[in-house]
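Next up: the structures, one after another.
Each of the next two complexes has subunit A plus one other chain: subunit B in the first, subunit C in the second.
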Partner chain A sequence: MRRLYSSLVDGRGFDLCLIGVPLVFLLLLSGVPLAYNVVMSFQAVDMFSLGSFVRPWVGFDNYRQLIAQPEFWPIMGHTATFLIASIAGQFLIGFALALFFWVNFPGASWLRGLFLVSWVMPGLVVGAVWNWLLSGDFGVFNFVLHQLHIISGNVFWRSDPAFALWSVVIANIWLGTSFNMIMLSVGLSSIPADLYEAAELDGAGALFRFWTITLPMMRSTIGALISLGLIFTLQQFDLFAAITAGGPNNASNVAQYWAWDLSFKQYDFAKGAAISVIMIAVVMVASVYYVRSTRHEVRG
Partner chain B sequence: MSETNRNRLLLAVALLLAAIYLFPLYWMYITALKTGSEMFRTPPSFWPDDPQWSIFPFVFQLKGMGLFLWNSTVIASGSVALIAVLGTGAAYVLARYRNVWVDVGLFLVLMLQVLPASLMITPIFVLFTLTGILDYPRMAVILAIAAKSMPFFIVLVRATFMSVPMELEEAALVDGNSRVGAFWSIVLPLARNGILVAAILIFMQAFGEFVYSKSLIQEIELQPSSVGLNAFMGPNTNEWNRIMAFASIYVTPILATFVLLQRRIVSGLTSGALK
Partner chain C sequence: MTTQIEFSGVNKHYGAYHALKDINLSIDQGSFVALVGPSGCGKSTLLRSLAGLEKITGGDISIAGEVVTKLPPRKRDVAMVFQSYALYPHMTVEENLTYSLRVHGVAKAERKKAAAEVATTTGLTGLLHRYPRELSGGQRQRVAMSRAIIRNPKAFLFDEPLSNLDAALRVHMRKEIRALHDRLGATSVYVTHDQIEAMTMADHVVVLRAGAIEQQGHPLDLYDKPANKFVAGFIGSPAMNFLPATVIEGGAVTIDLGAGPIGLSIPVAAPVGARILLGIRPEHLTLTAPGEGRFDAPVAFTESTGSTTFVTTATTPEMMVVETGRRMVASGDRVGLAFADTSVHVFDAETERRL
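Moving on, here comes the complex of A and B:
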């Protein structure tokens, strides 16, 4: 007993206790649901069997029915569009802003930090504000586009099936750009300045320096950031809830919203679990890449 | 062009960029202050003719925002407390040692960080129903948020612990401190700032959390502001000035905290998230 106590206070036991308790907690609240999700996706789950562990086993029926649903492939397509457009938009605008703020002038770092408010705001609030900005008849976004002569009539961003997904993409780009910009700024500032001085002496132009110094030096930052963007974008749920709710007629529905909709609107928990299993597999692959590209940094 | 002129020009462009980027926030506050008819005017007015300051207390009363904000605070505080107590220890151990097991632990932590809440909520809901945790809905949300956000906290705080020199701790041990004593009186105080910044970031996240609260809390009087805001925005609403007033009241504390602590939050975030 005394030995156990002294180990806890002054030995290995101290470390094991500090790491053990959180690990058990995470295992119970993330690991177990993760495994149970897979089990559930092979069961028939309805409102009556929700409260019991024993449910009829149906094999791959849930998956088969899910893929046979007419909205399955369109929703997967929307998910891919949403991912690619959001990540590309966030990254490119974020990179451009980071390059601009890289030029040092008084107030640069403070102003740059200010951009991050878009990222710390609750997703629901961002969604509500963009819902109003993108309103068809009275939205200020349409007004600005009209003044710039980009559009002639009003675009009904949220209710037109051709634009509904893009209204969420626009809001998501706004939300994530600042995070990309801050992370890229950190990467940029870690490039040694004498590389540029040497290249300038050798007569390399600005564009050439960008291609041969900036981009190669930023490779690990960019890799980590893109996989992080994939992970964040697949987590994006609040904007869908606040702007289109997946509508009209699934035109802006994506996998992560569909999974929730199946479980909590249609009470089809088995199909919700099945789509979750598919998407979690995708996220896992992305995160292996993320972990690998940050690995040498993780080791410190 | 002289150095000062160049700086002035750059600053002007930077201010313009910030103004464009932050316009949605400006529009939220301005819309809240407009009257019902001014809000739908074309062309839109960029400054309210007659600012309706009374809308803030009005919406606060009308929607019972006191209760919503209280629930958000309870959920966020509970999550932060749980995460800080459990996560700080884990971050310390993962920072102090370097071996295969630490690598495995870090890998697990990073993998758990990426699970989307809207995909995890299905099994969590069913398991919480089966175990009866759902009878205490706010605690259920706190547990779910803690499991979701703790990995992020561990990653951030681990970066802080890495920067605390191990020699200081070893010196304390030589001087006769126990491991607990050295951790408590040497390592923790030195890592205090980093832990605080990570805790603030987690608090902001939890304060705006939506998926878990929406799915796990049925009783209106236990719901947080995010669910309240979602219920306020019906499909065909035209009460945009009131919705924007709700949103303003909800985010202003977060924005104020962020602007005040901006430097620390940004540096804390950048030291951890990519490492």
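Moving on, here comes the complex of A and C:
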């Protein structure tokens, strides 16, 4: 009893227990499915062989067939557009808001907290709301653009192939901006105020201070945020399901939605797995960058 | 001497809190002025107001003849050394030093040359390509000073720059800062809560309390002729002993140290019956055999540093005696206390002003 107690107190046994629980959890619920998915992408899988792990090995056949499909490159292109536009939009608007709330006017922190509401909303609900906003004939979005004389006729955001992807991008920017804002606000507030005072006495104006103090001091936050943004954006499935369902004619289809479509609509599990493996590779790169940028925090 | 910095009727309010109360202070060009006082006395606020980092709510500040009250910090041409040093952590020492030159569009080659020059005078050569996190406390302190020097500003402001250093380094940096000031012929304003720093470094000491100037002048004048009880207690270490006394007939007073009244013949310029405070510095008291001093007192305890002995008496209020060398007195011994009339400071018990 004494030994057990002392091992709990000196932390030798206890730390292993603490690390063991999440490790087993991760291994069982993330590691195993991940490995299973990778293996499956190299096998021939159909509805009948779904239950057994031993299936014919086909090497890179699934990948080859996938790339040969006419919709492969357009969908990859849409995924890239979706990623870049979403991250850029979320980041820029989020940064602008973070700088705005940084001024710390009365009620700033309270108002900033309210912004998080958009982030805690389920994607499907956000999708439903944006469906209404973006609706072609009676949508508020069209009405506003019309009143501002930006458009003359109705734009059918969700069903026009030229706009379908952008309607999801707009909804996704709205959804992710507040998270970006909060992360950037934290980054901003961790910059010591006396650095700005020193820079001010050194003669630097507001813009020069932003470029030479704020941005470099935020480098790790920005790096972490962009890699997290990449991961979150590649996970974004609900908005596609709710707003366009990848249509019309794959005009707004992206890798993550296509993987689901292949696996669970067309029951082509092997190809669905292959897409997922490609995405895993991208996310891995982002994760490595995320870990590196959080490790390289600059603190005086 | 020309006046380099002038505060005239400066007031600062934070809402209802009156942080600076009608400050009038003029600082000669080339002088080293220390603002000293306990924490919360407004000394840092005064310095930050001079830098433009705090907006004053009344009065005017001028630097080199120009009223700067409404100018932003970057237009005031003063350099500041912060308590935290405020070095840019993402820049090398060289980049830290030359930041202000970069702001003003000085070419890169010239910036490097200027940094190298300053680095030689402050002993930073060889550290120019390090980052602040790779430097020791003393080195960071030097970088902060070099960053100020490189600009050749109208005034140097120091905000408790030595408080993050250990005691030995502090004593060393004190001399270094003063030597640097003399070499540059600069005007320096130095904020500190440490009266020893103020006394040893400054030409002119300004003692602040609760946002107002209590007394200003040459350091030794403050020591010899403190204007009130606060300054008397603040300047000098260990602090002055204060004995409550009452004036009686014939230029004499009585004091009560908890064991009945003791009569002392000290000429005091106060009416009979007035309640006063006698201030005697510990270093001006000497121990004698019982009965041979002005009065006797029991010893509470003694502390010795080897070179100096501090004796505390078991009286109310307790008194401190500083003796050079070692004195073998034990707790409970009775000793006599002697002092010269000229070393007694007399204050009004009510107003605490010098009489």
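Note that the second predicted complex is superposed on the first by the 280 of 300 C-alpha atoms of A that agree within 3 Å, B and C clash if a C-alpha of one lies under 4 Å from a C-alpha of the other, contacts with A are read in each partner's own complex, and residues count from 1 in each chain.
Quick note on the criterion: a contact is a pair of C-beta atoms (placed from the backbone, for glycine too) under 8 Å apart; a residue touches a chain by one contact, two chains touch by 3 or more.
Just so we're clear, the structure is a prediction, and the values are computed from it rather than from any experiment.
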Requested in this report: Could you say whether A:Ala204 touches subunit B, subunit C, both of them, or neither, answering first, second, both or neither?
Outcome: second
Identify the partner contact of A:Ser276: answer first if only subunit B is touched, second if only subunit C is, both if each is, neither if none is. first
Counting residues of subunit A touched by each of subunit B and subunit C, the higher count belongs to B
Just to be sure I read the superposition right, which of the two partners does A:Pro216 touch: subunit B = first, subunit C = second, or both, or neither? second
On the A-aligned overlay, A:Gln256 touches which partner chain: subunit B = first, subunit C = second, or both, or neither? first
- Return first, second, both or neither, reflecting whether A:Asp194 touches subunit B, subunit C, both chains, or no partner chain. second
### Query
Between subunit B (first) and subunit C (second), which, if any, makes contact with A:Ala44: first, second, both or neither?
neither
Report task. In the overlay, answer first, second, both or neither for which of subunit B and subunit C A:Val186 touches. Result -> first
So the subunit A residues that subunit B and subunit C both touch are 298-300
In their shared complex, subunit B is touched by residues of subunit A numbered 8-11, 14-15, 17-19, 21-23, 25-26, 29-34, 36-37, 40, 45, 50-53, 97, 100-101, 103, 105-108, 110-111, 113-118, 120-126, 128-133, 135, 137-138, 140, 143, 174, 177-178, 182-183, 185-187, 221, 224-225, 228, 231, 234-235, 237-238, 241-242, 245, 256-257, 259-260, 263-264, 269, 272-273, 275-276, 279-280, 283-284, 286-288, 290-291, 294, 297-300
In the complex, subunit C touches subunit A at residues 51-53, 72-74, 76, 78-80, 82, 84, 86-91, 99-100, 102-104, 132-133, 147, 151
Per the touch rule, the subunit B residues reaching subunit A in their complex are 6-7, 10-11, 13-15, 17-18, 21-22, 24-25, 27-28, 31, 39-40, 42-44, 86-87, 89-90, 92-94, 96-98, 105-127, 129-130, 143-144, 146-148, 150-151, 154, 162, 178-180, 183, 201, 204, 207-211, 214-215, 225-226, 229-230, 233, 235, 240, 243-244, 247, 250-251, 254-255, 258-259, 262-263, 265-266, 269-270, 273-275
Contacts from subunit A onto subunit C in the complex sit at residues 192, 194-195, 197-205, 208, 212-213, 216-217, 219, 298-300
